[in-house]
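So, here come the structures, one by one.
Two complexes come next, and they have one chain in common, subunit A, joined by subunit B in the first and subunit C in the second.
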Partner chain A sequence: MSALPRLSTIFLAAITTLVAVLLYSPLFVPIVSSFFTISHGNVDWSSPTLSTYVTLAENHDILAALRTTLIVGVCTVILSVVSGTLLALYYHGRRSGRSILQFIIFLPFLMPPIISGLALLIFFREIGLERSLLTVVIGHTVFVLAIVYRTVLMRLQSMSRTLVEASYDLGATGWQTFWRIILPNLSSAMVGGAILAFALSFDETMITILVTGTQSTLPVRLWAMMRLGFSPDINALVALILMFTVLLCVLAARFLIPRQVATERT
Partner chain B sequence: MNQNTDLLTLRSVSKSYGTVPVLHDIDLSIRDGEFLTVLGPSGSGKTTVLRLIGGLEPLTSGEIRLDGQDISRMPINRRPFNTVFQDYALFPHLTVSGNVGYGLSVRHIQRKEIARRVAEALDLVQLGRFADRFPAQLSGGQRQRVALARALICQPRLILLDEPLAALDLELRRQMQVFLKSIQREIKTTFLFVTHDQEEAIGMADRICVMEAGHIRQLGTPHDLYYKPNCEFVARFFGENNLVAGKLGAVQGELRSIETALGRLVCSISDQPHLKAAAEGASAYAAFRPEALHLADAKDTDNRFSGTISDMAFAGSSTVATITAGADNAAQRLRLRVPSRVDGSALKSGEAVSLSFAPHEGHLVLA
Partner chain C sequence: MSEAGSTQPAERRLSLLVTVLAFALPVIFVLVPLAIFLGYSFFSVDQGTIVYGLSLGNYVRFFTDPVFLPVFWNTIVLCVSVAIICILLAYPAAYFLTTLKGRWRYALLMLLLVPLLMSYVIKIYAIRSILGLNGFLNKALVALGILQEPSTLFVFNMNAILLTLTLLLIPFAILPIFLSLERIPQVLLRASDDLGASGLQTFLRITLPLSLPGVASAASFVFVLAIGDFLTPQMVGGISGFTFGRILYSQFGTAYNWPFGAALSVALAIVVIAAILVGERFGRNRGTSV
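Now for the complex of A and B:
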């Protein structure tokens, strides 16, 4: 890259900065404005305040929605990590029909959420399953499964085959090899996948709206609030969700690139 | 530990991957307590032999016997063999002692006993201080020794080593050769060592099994392989050699003549009945080592021919001269190795020389 002339380096830096600003500046607006009061359409910059957060904390609808979101998220994570890991192990050990399996797992993630949501809605109605948190969890699991599956599979494929062979060679049974060698080496990928799954479930709106019963999750609640008109505590809610999501992504990245593996490769 | 009894026997073992055969009818006996090296170029099937013995791959046909018992279908985790893998295959999430003790802990041996034997094994490979490190924190040579300790802690009947030194640099590789050999003497366990490096094979093995294209070409001591190769492949693959094609002549006791482009050469056939029995006029090669070739003097009446030095190459302790010998239409390129001298060799490029080798230092291989 150092071979590039100085002028084009400056040009590229300018473009990069511009893109970054365009991408990220809208995110800062609600964060900044969540700390100030707005009256008559004007932001009062003189007195930073946490009052929007207080209002938010007193909003019982929001708190209920947050609780629902967490319940759905945890259930989705458990279901998707278990089934995603099993699918990855199955896929890894299989010789034939691999591309079909891959396609089936990825389809719900790649399809427009409204299609997945409608398909699930029709399916639930056909089998007579009432819309509830259960249907939301199933919907989310179907949606995030591909991510967990992919994360675990990639770790599995980067694991040296000889690790498993060495375990058998040293006298271990298949069960011992799974618990003592395969699973510990997959664990950080599973945690990383779980965090990503949680982040996706946390933000998921379209499928949730279609398959939920009476309870709403946080994004759905937020959407409902927006329809009624803009209130300042929305800024606070957006800011919180944003920070939480960023935190999850940072955590996920940490687990997906474990230090031990990183040093071994160098 | 009696080196004369067979520990493990392979009987007409074949292996194919799908329709691709990789081993053809291998017969091989491994003696109890020996250091046997399987040597061959890549693709010769040497690693497959090791994987079949270890149980990592099923046989296509034939059988493997341990102490006379057929173990061909015994699952890998019940075979009393342990493997040192080429990439070491250390478990990255376990410490050095966790790795070394793994074979014992999966057998539900008491913690105290495991700790004692792990310490013992780590002492043996001189890694006592590194017990709590993780594999990623060790150097290549140290990982190698962990892999060895992990393999020998279960007191296997046979340790299988799959090119374990390939990833190390030259100096370390030489140290590890000496180290491996000394460990093998100390624990008196049979080693089956797979390599493509003949220097490694000569340095460590009691016996060497040379493989090519899924066949065993020769099995014998390094000395036998060097001085009595039984085929052209071994003669060329194992050490530097001069091979001159010709037709077999008459047997004269322990010697036999061969008519070549360099004239009639006389070579030793002692202890090689198949050379004595071969028909006169059969195609064969006269083979003689670069260090057996020398400038002829008046005493040399046999195996005398002339040539021209076309190149001189200094190689440290010795200097190798490339010589063109024989008539123009059947010129042979030969190599002559002479000890290096500080004031330079007496030989000069372009010089005409008269050369010879002693009949007992030449040998024959059938074409």
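Now for the complex of A and C:
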């Protein structure tokens, strides 16, 4: 593509810059306001301050919501990684009934969250399960399961069959083969899937709003607060969350992109 | 693992358990709730309690009431517009990424995808403050002399929903387009160049047709995500920006008519399934392997 005329390169670069600006401007606003005071839409650049971070540490309401979110996230990760891996192991190399059940697993991820959320809401009501953190965890797990399942299944499919065959030839039992050969080979896919599951759970808002009880997770708490407007310490929280998610994203990329692909492309 | 010579009874029991789980989990937590939900759409509400008698009343109301069909249609038009704008912005950006070499390409792709991980609610709030009367957009337009005074055109109406959804969903358009562009074999482009085609001809005859599957997937992603969103319209739509998602959501809140809400969801699901199928049908990559 070296023959690309100069003018069109400039045009493309300009559009890309515009897209980046559009994407980052909503992130820029809260981060700037976490360090500077803003009044009437004007930023006071002269006096950077960390006071918002100090007030944040004293905002028990928000910190409780953050803790709830982390608890839900961890439970979701454990449940979805265990069941996603089991499902992937089960359906790998099995043809009968796989496509239809795979379709069912993917439904909550493909359907608008409002539909998945409402279906679960009615389901919980019908089976008499009070709305609580348990229902939120179930909702999140059902939502992220497809991602973990797919990540693990793809790794299984790219794994060479000869590894397993060699293990059996050398006299290992099914268990030994599973623990010593299959699981270690899947571990990075499982970690990657877990990180994705956590990231999705951490920010899941629409399903959570529908199935949550009295305890709310951070996005739901923020949603409720937004009607009244945010206090400045929320900006500090947002800045911290952004740093945290970028870190997660880098980690996920490290575990999910196989090394050779990364070098092959260069 | 069933073929793993499962001679031990413990292993066989485990394998049976896994089989049961593998079928039970998706069925109980996905299929059953959806089936009950579908069933609800045939019930009705009387004096605030749900009547468990089958009727088509909810669907008749959806098609005959002058309120719902126009909102439904307007929402579809809105979400198609969001998808088109997202693609118009994402395509050049994705194309630019593929002209970059090695590390830069993926670093920049990552940069454009990171905003996805940022809290959805916070982004909506920030965009609303940008679009508002005292917001950055108005300030910039006034400073550039495009507007005489700050305008309320960008917040609490359909425009606001359109702009906000576009900003939120662009990354979902970039990724599939980038992947389909990246899959185009370089030899095809070189061959076209060798045969004397200009850069524009190569783009129109080779690159664009081969990247259309990615565009189709992108459009279907963005459309589905946009039409299912009820938070954005609620937050930036004000009174005039009434979308289908909001009406649906209100059936489970203020309007308290779960069966009717379920029927509206069925209508939404049909549109979504259609969009996914279209995306799937045209999103297949054909003829890109050499």
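Quick note on the criterion: the second predicted complex is superposed on the first by the 253 of 266 C-alpha atoms of A that agree within 3 Å, B and C clash if a C-alpha of one lies under 4 Å from a C-alpha of the other, contacts with A are read in each partner's own complex, and residues count from 1 in each chain.
Assume contacts are C-beta pairs under 8 Å (C-beta built on N, C-alpha and C of every residue); 3 or more make two chains touch, one makes a residue touch a chain.
Since this is a predicted model, take the numbers as computed values, not measurements.
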Simultaneous placement of subunit C and subunit B on subunit A, clash or fit: fit
Partner chain(s) touched by A:A13 [first = subunit B, second = subunit C, both, neither]: second
Touched partner set for A:S160, first subunit B, second subunit C, both or neither: first
Touched partner set for A:Y168, first subunit B, second subunit C, both or neither: both
Which superposed partner A:I71 touches (first subunit B, second subunit C, both, neither): neither
Subunit B versus subunit C as contact partner of A:P184, first or second or both or neither: first
Of subunit C and subunit B, partner touching more subunit A residues: C
Closest approach of subunit C to subunit B (Cα atoms, Å): 7
Common interface positions of subunit A, toward subunit B and toward subunit C: 168, 173
Partner subunit C, residues of subunit A touching it in the complex: 1, 3-5, 8-9, 11-13, 15-16, 18-20, 22-27, 29-30, 40-41, 83, 86-87, 89-91, 97, 101, 104-105, 107-108, 110-115, 118-123, 126, 138, 141-142, 168, 173-175, 177-178, 199, 203, 205-206, 209-210, 218-219, 222-223, 226, 230, 234, 238, 241-242, 245-246, 248-249, 253, 262, 265-266
Partner subunit A, residues of subunit C touching it in the complex: 1, 4-6, 8, 11, 18-19, 21-23, 25-27, 29-34, 36-37, 40, 89-90, 92-93, 95-99, 101-103, 105-106, 108, 110-115, 117-127, 129-130, 134-136, 139, 167, 170-171, 174, 186, 189, 193, 199, 224-225, 227-231, 235, 245, 248-249, 252, 258, 261-262, 265, 268-269, 272, 276
Interface residues, subunit B side, partner subunit A - complex: 54-56, 76-78, 81-83, 85-87, 89-93, 102-103, 106-107, 134-137, 150, 154
In the complex with subunit B, residue positions of subunit A that touch it: 160, 162-163, 165-173, 176, 180-181, 184-185, 260-261, 263-264
